[in-house]
Amino acid sequence: MSPTLSDQLQNLGLASMRPSGRQPDQLREIRITRNFTKHAEGSVLVEFGETKVICTASVARGVPRFLRGSGSGWVTAEYGMLPRSTNTRNDREAARGKQTGRTIEIQRLIGRSLRAALDLKKLGENTITIDCDVIQADGGTRTASITGACVALMDAIAFLKKDKHGALKGNPFKYMLGAISVGMYKGEAVLDLDYAEDSSAETDMNVIMTDQGGFIEVQGTAEGAPYTQDELNKMLALADKGIKEIIQLQKVALAS
Amino acid sequence: MSPTLSDQLQNLGLASMRPSGRQPDQLREIRITRNFTKHAEGSVLVEFGETKVICTASVARGVPRFLRGSGSGWVTAEYGMLPRSTNTRNDREAARGKQTGRTIEIQRLIGRSLRAALDLKKLGENTITIDCDVIQADGGTRTASITGACVALMDAIAFLKKDKHGALKGNPFKYMLGAISVGMYKGEAVLDLDYAEDSSAETDMNVIMTDQGGFIEVQGTAEGAPYTQDELNKMLALADKGIKEIIQLQKVALAS
Amino acid sequence: MSPTLSDQLQNLGLASMRPSGRQPDQLREIRITRNFTKHAEGSVLVEFGETKVICTASVARGVPRFLRGSGSGWVTAEYGMLPRSTNTRNDREAARGKQTGRTIEIQRLIGRSLRAALDLKKLGENTITIDCDVIQADGGTRTASITGACVALMDAIAFLKKDKHGALKGNPFKYMLGAISVGMYKGEAVLDLDYAEDSSAETDMNVIMTDQGGFIEVQGTAEGAPYTQDELNKMLALADKGIKEIIQLQKVALAS
Amino acid sequence: MSPTLSDQLQNLGLASMRPSGRQPDQLREIRITRNFTKHAEGSVLVEFGETKVICTASVARGVPRFLRGSGSGWVTAEYGMLPRSTNTRNDREAARGKQTGRTIEIQRLIGRSLRAALDLKKLGENTITIDCDVIQADGGTRTASITGACVALMDAIAFLKKDKHGALKGNPFKYMLGAISVGMYKGEAVLDLDYAEDSSAETDMNVIMTDQGGFIEVQGTAEGAPYTQDELNKMLALADKGIKEIIQLQKVALAS
Amino acid sequence: MSPTLSDQLQNLGLASMRPSGRQPDQLREIRITRNFTKHAEGSVLVEFGETKVICTASVARGVPRFLRGSGSGWVTAEYGMLPRSTNTRNDREAARGKQTGRTIEIQRLIGRSLRAALDLKKLGENTITIDCDVIQADGGTRTASITGACVALMDAIAFLKKDKHGALKGNPFKYMLGAISVGMYKGEAVLDLDYAEDSSAETDMNVIMTDQGGFIEVQGTAEGAPYTQDELNKMLALADKGIKEIIQLQKVALAS
Amino acid sequence: MSPTLSDQLQNLGLASMRPSGRQPDQLREIRITRNFTKHAEGSVLVEFGETKVICTASVARGVPRFLRGSGSGWVTAEYGMLPRSTNTRNDREAARGKQTGRTIEIQRLIGRSLRAALDLKKLGENTITIDCDVIQADGGTRTASITGACVALMDAIAFLKKDKHGALKGNPFKYMLGAISVGMYKGEAVLDLDYAEDSSAETDMNVIMTDQGGFIEVQGTAEGAPYTQDELNKMLALADKGIKEIIQLQKVALAS
């Protein structure tokens, strides 16, 4: 990458150490567009700066075998990247015949988090499948996916509420979820890493929280040096701030 | 589907027999947006009405084994649909571990057609991979894909031209390509079938032609009754008209 | 290939331009042998010159899930080549764990065409699986397959007719089908391309027609230069002539 | 199966206890047809009664990685059954994406046996692939395959001998191989079981021997009761007699 | 391998020709440890010298589809090796997505043998799955597996007997099974080959016998020279002696 | 599960609330056995109570393609469970042809953590593959795996140090790693969850730390209610205590 204006300013001691010029606690511009495609019960385009993910929620009657007759519903997630959503083209997973380990790890995280936000008993015997398809990637695709998926899921549940055969038993949502990445970058805790930061951060942490401030998932990995309890606390504080802002944006989108 | 205004007008003898109200020889609104995503050498969003496909062209040095040392380049295509691009959700091919027969048939058609438009010798030992990913489907995804892919491919070749290591030997494009579906619907030849027509047409035909009016591919399938030579000719005449309009739209997009 | 007698004669202006010495509108010798293997309800060895395909039709009670309870039957096709049916050995698809794109494309074409020839409602809830296995290939395997498969299918339906539990509701056959390849070879339209022609033809077209002269499928691909409407018409006229002869041969075989 | 003449005679104490009416030590009619298909270096149709297998031998320059530079050649085998070679249709392995355990077991046996018959050092760095494709099955396909494959392999090696670039170092054949099944059927040792016998035999044994009378492989499985040393000896004696006759037939075929 | 004491003694004419110093008819030390892991209905660690295999028997209600309603039970086996159970690491089959041919051949042998030892009718509609997992390999893993599996299976059936819902109809065991490898090594018949012998033996034979001395399976393969009837008899005599000792050890283990 | 003694005591207010009767900050008995199998460069049986995992480290010359020529080494991990290591039998992944998402997630975690503990540059162009195979599972298999793998890896590196061709450049170990699970169980933070706790914990957290007290990985998932910052801190404090004890046990094992 050629030096950006921010790099040059920073070298002069005039600006942020972040490639994007953002402050350490500053999110990228986040946009949430509902009803992005026409067929799905919930369809959201979520953008975290240059990261763009289409999140759809599809409702189907019935549940997997292990839940049949339980009266309980199910939520599951699948994740994919368009082959050229990234800087160099990745093999198409459908053509390779296999999802990568990274894909599997991410879709398990998305599904697990969303299920934790719901009372599946109240969903009735419905299955909602969340598809998160990255059309352009610039870091933070998994947290953008969860953020968008939560809105798509709320739209799908609103759809079910209106359906007299939908079999909902009250509002299944226990919490709204927001998700963000934080990390240690050049020795400083930063919020919402983009690709330029992510690829050289010492620590990369994904945090998912409820609108009531509880943790649903914390995943922090030392990419370079191990991190300390103090660094962990700084990152979690940034995540808390960022997720509060994100949940506010979700609420605005849902109100529109 | 509930009856549209056009259905009602038609029943009164006041309007088109097409669900969309279009004339038999009328294309849907076609939009071609270049530079749709930021990483690819060519990136086009193509819309045929409600059908929306992201077509990207990715350039890589080198060619498949069977061409190494030949001085010739290669173009290949892959096609996919987001699971909920359609009315009901389809299994994700990457999760099933297998592309469907339909997907394979379509991506072979796209690749074969584009290669026919090029002089691969002039491409040098470069491989261009075309990805056509359907984000919303309403009939005609394969012909929309080829139409968009042709523009993305031209952008990718323009990129190579500017690259002094690109090894192009002149302009590899022999022709521009446009593609459209035609069919027999309620006994009449119609142009550019949408899903409502496609799913009940007697004949479904995909036609790919050059800007000089030659045929690259004709694929006509009797879905209901066999078709006659006269019907074939009517469909081909519509295709010829539609493709001329499409190529004009491609040229406008490329000029902008 | 070393020059054949026909090549030498042709160079002298004394003979056909075709490697085989055939006239442009001349089929290869076509042989149709019924009851070729003993287990199948319909079993046909079809030979188009040196191209040899075993076509079997296997009857099973029941239909795929999407048809259960509909009263309608189903016909599906699978295609394969023995690894050394070709000039150089191809990988065995069963060992690779995957059918090639070409195989999938061909078996979809065979199945789709045969279904178009039947009134599936009259078949009752039976499934007929057509296997087309190429034991020696010399061009035109897909059209030979359809030609043989039609006869095997008729034998299988005759078997069902005699079976009092067969549940047939009248004769399901709406049409007989014949299939042939045509192409532009050295600037001339030719009928029934063998491998030597197929591998260097400018255009390769497969045509499937009914015994009443309607088109079931037309698939024409420009391998070299685009083809014109005039060339298309010439190729279709040859196909019409060839298919008439083929259907006559099928009738003779069925009468024996 | 309806009672055959032999069943009826046997019930009267007038005839063989075998469904086919054969004597316990009697082979089915065995036919070996060389040059059955035109592309392969060795191509044999082998028939053991109603069991029919196409065995081809394909020569390729080069050897698998683990032998490169060793000067030694390689022989490997693949086995398949046409889906309707059997009484009821089996799934096509290529479509299932997986060879069955039975197929894998058989092709390992064929390859191992043939390699044991050769001095691979004398083969030079060539690989010969044997394909055994069953077009009609009536018991004994694996032993028929080995019998036919041995002849096809000899033809392929004769082809290599004539090729001045073939790199043969003398005659690689140490032995000719014949193979036959024997078994205990209704308490009696019988030679060359057909399907009717095979499916209800107490013991099923496959024996592969050289033209010099040595054992290459003995595989005997108790399907019903365990077998005794005495029964084993009786079966081996029958196998010895049958294989001597088979090797004689191979020699006749090779001489023609 | 550096020369062992036995190699040196043998060179002096003072000792066994076997790498291990064993007599030709001498088994390795065999240990059978029941209840090796805590979850399975039968769990055995079997050791043949340095070869160590965990054999578990898992009971499940119900049978595969082809047996439903028959009143009969089923026994099946799976085999695996830990990747570094061998001298050099093998690919993990689960990661490759495919079991090797060798694995499939072995697990078919194990399952087939165990089924031959049982009256499946008496098992009721239960399925017992035998898992044989090699944690350390030094030759003879398949025969060690069958030896251990037989004990694990007996424990699982004892478990079923105590279960009042187990649906056993008497004792399903018709025989106990022991298994051992024998071979021709340096021209002499030897019992229970370890890896050093197995990898250079002329003949490798696996024998499975009942406690009543009947043969369940004999599989003898010429790895080098063909073997004679006399050699076969010598190997079978050794196998008979070894299996008698093994069955004695199984009985001791079961009594403890 | 029937009530254990500890359950009964606890109901009387006399004892631990943990099913095992352990104190909240008490590890299970941990045993580390080196040189467990004979072939691997490092082989460790690690036991956390009833959880038993074989961890082997296999050294191979060379590195994956993306590191060739870099002078840097590589460490990768694979994880598996014997099918009956668990309470009910799981499908064998090798037979299904696919590793589960859980397996993939765990082996990625193991590999990533171990790489973070090493200076791969100092490893030279060697690849060390860690296999963690669970032979008996009772909760905490992933943290037991990492704990055992660290010891096996140190043994493998000691092996490389003694090998004059090993190409090590100093000691690649930057840290030792210990790993443990912690969780919220019945409202209390507890250390080293066994299966009975794990399956009903509100929060499940895996922590990996260095011998210097830094974090390598923190993964905390709310299974029931979200967790608070205070709960997170309590769990991390327990993890810190447990890992210090584990690293002490590793050192004792390495010294023996």
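So that you can tell them apart, the chains are marked A, B, C, D, E and F in the order they are listed, and the count of residues begins at 1 in each.
Basically, a residue touches a chain if its C-beta (ideal position, glycine included) is under 8 Å from a C-beta of that chain, and two chains touch if they have at least 3 such contacts.
Protein names from UniProt, one per chain: A, B, C, D, E, F = Ribonuclease PH.
Fair warning: this is a prediction, and the values are worked out from it, not measured in the lab.
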Centroid distance [mean C-alpha coordinates] between subunit E and subunit D, Å: 28
Centre-to-centre distance between subunit F and subunit C (centres being mean Cα positions), rounded to whole Å: 60
Residue numbers of subunit E (touch at least two other chains): 97-98
Category of the chain touch graph - line, ring, star, complete, other: ring
Chain ring listed from subunit D, with subunit E in second place: D, E, F, A, B, C
Touching residues (chain side subunit A, partner subunit F) in the complex: 101-102, 104-105, 107-108, 112, 116, 175, 205, 209-210, 212-223, 225-229, 232, 236
Subunit E partner contacts - residues on subunit F that touch it in the complex: 37-40, 43, 50, 52, 54, 56, 58, 60, 78, 80, 82-89, 92-95, 97-99, 103, 129, 131, 133, 135-136
